[in-house]
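What follows is a group of structures, each given as structure tokens.
In the two complexes that follow, chain A is the common piece, with chain B as its partner first and chain C second.
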Partner chain A sequence: MQVIFPLLIPLLTAILGLLAIRSSAGRRLFFAASAGGQLLFSLWLLASVFSSGSQVMYLGGWSAPYGIVLVADPIAAIMVVLVCLTAFSCILYGFQETSIRNEHPLRLPLIQFLVLGLNLSFLTGDLFNLFVAFEVMLLASYALLTLEADDWDVRQAFPYLAINLFGSAFLIALCAFAYGLFGTLNFAHIAVRAQEMSGEPLLVAFGMLAMLVFGIKAGLFPLYYWLPNAYPIMPIALAALFGGMLTKVGVYVLLRLFGTILPHDMDLLYVVLAWLSAATMFFGVLGAASRPYIRGILSFHILSQVGFMMLAITFMTPFAFAAAILYMAHNIIVKSGLFLVGGAVMVLNRTDKLENTGNLWVRTPVLGVGFLLLALSLAGIPPLSGFWGKYMIIVAGFTAGEYVLVAIAIVTGLLTLFSMLKIWMGSFWQSKESVPVVTSDRRWIPMTVIVGGLTVISLIIGLLPEFFIQMAMTAAEGLLDKDAYIRLVLGDLP
Partner chain B sequence: MNTPQTSIIFSRVALVVFFIANVVAIYLLLRGHNYPGGGFIAGVATAVSIILLSFVSGVETLHRFFRFDPIRIATVGLLIAVIAGCLPLFLGLPYLTTFNYKWYDVPVIGELYLGTPLLFDVGVYMVVVGVVVKTVFILMTSTFNLTEVMKEEASLYASPLEEPIEEHPVVGSDVFEKEAAAEAARKNLNR
Partner chain C sequence: MFLVSSLLAGILFGVSTYLILQGSFVRILFGFILIANAANLVFLAMIGDPRGRAAPVLAANEGLPMTDPLPQALILTAIVIGFAVSAYFLFLLYRIFLDWKTTDAVDLFKKSKPTDV
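Our next item is the complex of A and B:
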């Protein structure tokens, strides 16, 4: 019964916020309270999934292969918590960044629709329902992207719209393909049928098409160019939410697809995906090193880290899956935090172009410490949160004997450190007489507090890795244990 | 001035067709449980009839008649649909579980299922009507260049929520927000 509430609460919040609330201040209070409540609720869901097992809801009471099911297993519960956490901090940050007069009245309801789409895509156990969830999420994201945009911004947003429409068309084709191939759209039922067909070339074609679709959503190598141009046009609070969450949906679906749904012997797919993800991480970090402003650097880094997660998926062991999950959780928190630091820099220096920023370490050391911890964590310096995920991925790579891929990953890690240091030198360390630091704009103080909160969460993950690795291992074993998932959803059906 | 059609024949016929289309829409809505029909197609029928009226009277007259933003219809419809889905939750049953009162031998329709699916369909119907009408209003105002007229009309009875979606948000006195940020972003990204 708890499964439905991560979907119902955002939906009802958005509707009531649209219909009933007229004053801007009241709207802010209502949506912030709802987002906080969702965070608490998602933590409760996580606790109950881990203590008393996965939960399933058969919508409308229709039994499994026929109706739509919602499944809250450990990985889905973890992702829902991360969505709610990111959304909550970004909503609070948005209140600081944008003054109440300038906030578009549709922004908060649209964020709730976005959260609804994200939560549904993590909880659903049905391929077509996944398509619906993606559409809800994408429609909200199109609107958010251009809500406060001017003409130039809209031109930047157009590639995002175009490529995602193509992606959606391929996704619906994938649904049709799955129905033709397996005669069902239910994940568990597909898993049963796919196991019977193991080794058929059509199954490989299905996997390739799925990889294309979700690779577009995640920003995989040849199809990523829409992302780093589209994200910087948004207000920072929204860019942090998008950068933190949206690409990870693609990663999550690939985890689910390769782990739970498809048979575990599709070596061709794993090789292709591994090299694509190596290319993604390498070119992503090169792009990041080439950009001269903070939001651009961070947008390219999203791609680079998606490459890491994808690489971990291809090793196909519980340990590698746990590494991918831990790295994803760390990355969502840290990436959002870094975007929010970028917003604070924009408030203090009035720009985020590295040439024209500086002096921040002297004037605002707390923000500097927050940035340093987040950035080093992103680069994977021990003992911060990014280290454990990266370390596990590299160990998994050595175990699998993929030395070239591991070497690329290590080089990428060094280049990540380089581009993070570029921001550190440009914005914090370098002192320039000509650059003003507008500390009289008090918005930077609450912004720093929110960044600090995310930094503390990242530090907790880094300093107590045992607990979180254990959690990721449970989630990874849940993902790879097909039979348990099939039993959970289909009951005692053959 | 901006009414595209002024033919008297067209306007009389359109009024008749408006009523016929809506009767068909209600028929489709009610029989949708087991037969072709349902909330979506009924909503499309109603929306088309409203579009037809807008050809006759001009979009600004129709907008004045509505007195509120049509997207509000869609929002209320969404709320109704969600409530219809939520009702079984209070009994401890899964979301969207259906409850029906079956009513046979209804004239014209045949059999009528009163219950949560019908309520859900009514919600869908309102969502479709609201979204289609809103979209057509936006397209027609920009096609016939009525932006000024619509803005005046809307400001008479609109809440902040009901600003036309295509409008640029009002720039407040906070200079940094829009101008400096946009300027900086533009310079940065153009290279």
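Our next item is the complex of A and C:
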């Protein structure tokens, strides 16, 4: 029963907020309260999933393979918590960034629709329902992307829309193939049927198509060009939400698909995905090094880190899956935090072009410490949160004997550190006579507090890794244990 | 039947990809409308051959095997979603036209922002 609430609350909040609330101050209060409530609720769901087992809900009372099911297993619950956390901090941050008179009245309802789409894609146990969830999420993201973009930047929405429309058409085709191949769209039922077909080449073709579809959504090489140009046109609060969450849906679906749904013997698929993800991480980080402004660097880094997660998926062991999950959780928090630091820099220096920023370490050391902790964590310096995920991925790579891939991952880590240092030198460390620091603009103080909150969460993950690694292991074992998932959803059906 | 509809879907996918790769906004828009329908056709093909099968209504059935109604329900959902997205896409293209005074995608990305000049 708890499963429905992460969907119901954002939906009702968005509709009520659109219909019933007229004043902008009232709207802010209402949406912030709702987002905070969702965070608490998702934590409760997580706690009950971990203490008393996964939950299943049969929508409309239709039993499993016939109706739509919602499944909250450990990984889904973790992702829902991360969505609510990022959405909550980005909503609060948006209040600081945009003054109440400049805020578009549709922004907050659209964020709630986005959260609804994200939560549904994590909780659903049905392939076509996943398509619907993606469309809810994408429509909200199209609207948010162009809502406050200026007249010249709006052209960047065109490639974003085009590639996602293309991906959506193939997602429908993927659903059709699944229906034709397996005669069902329920994840658990597909898993049963796919196991019987194990070894057939058609399954590999199905997996390849899935990799194309969700690779587009996740920003896999060579399908990523739409991302790094589109995200910087949004206000920082939205860019942080998009950068933190949207690509991770693609990664999550691939985890679910390769772990739970398809048989575990599709080596060709894993090899292709492994090399694509190595290319993604490498070219992503090179792209980041080429960009002269903070939002551009961070947008390219999203790709590079998606590559890390995908690489971990291809090793197909519980340990590697746990590494991917831990890394994804860390990355969502840290990436959003870094975008938010970028926003504070934009407030203080009036720009985020590196050549026109500076002096921040002297004037706002607290923000500097926050940035340094987040950036070093992103680069994977021990004992910060990014280190554990990366370390586990590299160990998994050595165990699998993939030395070349591991070498690429390590080089990428070094380049990540390099481009983070570029921001550090450009914006914080260097003193430039000509660059003003507008500390009289008080918005940077609450912004720094929000960044600090995310930094503290990242530090907790880094300093108490055992607890979180344990959680990730549980989630990974849940993902890879097909039989448990099938029993959970279908009961004792054959 | 299956072969015919697969071929048709393949041709539609090819034609729409060709249209999407053109420069003109209108052709790109038509390409995307067409590709959504091509995907829907793939779904419809999964029913198999409907000849010699009864409508999936239990009362009117005379013992014949029934057609599968599920893909049609799913296609209907996909059409509705595709319609909403196409409407949004059309409007986005119109807004880009108003701002940049061009209806050509190649031209659009060749121009530079007035502030950069």
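FYI, the second predicted complex is superposed on the first by the 494 of 494 C-alpha atoms of A that agree within 3 Å, B and C clash if a C-alpha of one lies under 4 Å from a C-alpha of the other, contacts with A are read in each partner's own complex, and residues count from 1 in each chain.
Definition applied: contacts are C-beta pairs under 8 Å (C-beta built on N, C-alpha and C of every residue); 3 or more make two chains touch, one makes a residue touch a chain.
Model, not experiment: these values are computed from the prediction.
A.B. asks: Should the pairing of chain B and chain C on chain A count as a clash or a fit in the superposition?
C.D. replies: fit
A.B. asks: Have a look at where A:V132 lands relative to chain B and chain C in the superposition and call it first, second, both or neither.
C.D. replies: A:V132 contacts chain C only, not chain B.
A.B. asks: Tell me which partner touches more residues of chain A in the superposed arrangement, chain B or chain C.
C.D. replies: B
A.B. asks: Just checking: does A:W44 make contact with chain B only, chain C only, both, or neither of them? Give me first, second, both or neither.
C.D. replies: Once the two structures are laid over each other on A, A:W44 reaches no partner at all.
A.B. asks: Can A:Y142 be said to touch chain B (first), chain C (second), both, or neither?
C.D. replies: A:Y142 contacts chain C only, not chain B.
A.B. asks: Calculate the angle at chain A, using C-alpha centres, between the directions toward chain B and chain C; round to the nearest 10 degrees.
C.D. replies: The three centres form an angle at chain A of 40 degrees.
A.B. asks: Should A:L59 be classified as contacting the first partner (chain B), the second (chain C), both, or neither?
C.D. replies: A:L59 sits against chain B, while chain C stays out of touch.
A.B. asks: Which partner chains sit in contact with A:W152 here, chain B, chain C, both or neither? Use first/second/both/neither.
C.D. replies: In the superposed model, A:W152 contacts both chain B and chain C.
A.B. asks: In the overlay, answer first, second, both or neither for which of chain B and chain C A:G296 touches.
C.D. replies: A:G296 sits against chain B, while chain C stays out of touch.
A.B. asks: In the overlay, answer first, second, both or neither for which of chain B and chain C A:A169 touches.
C.D. replies: second
A.B. asks: Please give the nearest C-alpha separation between chain B and chain C in the three-chain superposition, to the whole Å.
C.D. replies: Shortest inter-chain C-alpha distance (chain B to chain C): 5 Å.
A.B. asks: By the touch definition above, which chain A residues appear in both interfaces, chain B in one complex and chain C in the other?
C.D. replies: 152.
A.B. asks: Which of the residues in chain A come into contact with chain C in the complex?
C.D. replies: The touching residues are 128, 131-132, 135, 138-139, 142-143, 146, 151-152, 154-155, 157-158, 161-162, 165-166, 168-170, 172-173, 175-177, 179-180.
A.B. asks: If you look only at chain C, which of its residues touch chain A in the complex?
C.D. replies: Result: residues 20, 28, 32, 35-36, 38-40, 42-43, 45-46, 70-71, 74, 77-78, 81, 84-85, 88-89, 92-93, 95-96, 99-100, 105, 108-109, 113-115 of chain C touch chain A.
A.B. asks: What residues on chain B touch chain A, complex-wise?
C.D. replies: Result: residues 72, 75-76, 78-79, 82, 86, 89, 92-98, 159-161, 163, 165, 168-174, 176-178, 180-182, 184-189, 191 of chain B touch chain A.
A.B. asks: State the interface residues of chain A toward chain B in the complex, per the touch definition above.
C.D. replies: Listed in rising order, the residues are 1, 4, 8, 11-12, 15-16, 18-19, 22, 24, 57-61, 98-99, 101-102, 104-106, 147-148, 150, 152-153, 156, 229, 232-233, 292-293, 296, 346-347, 350-353, 441.
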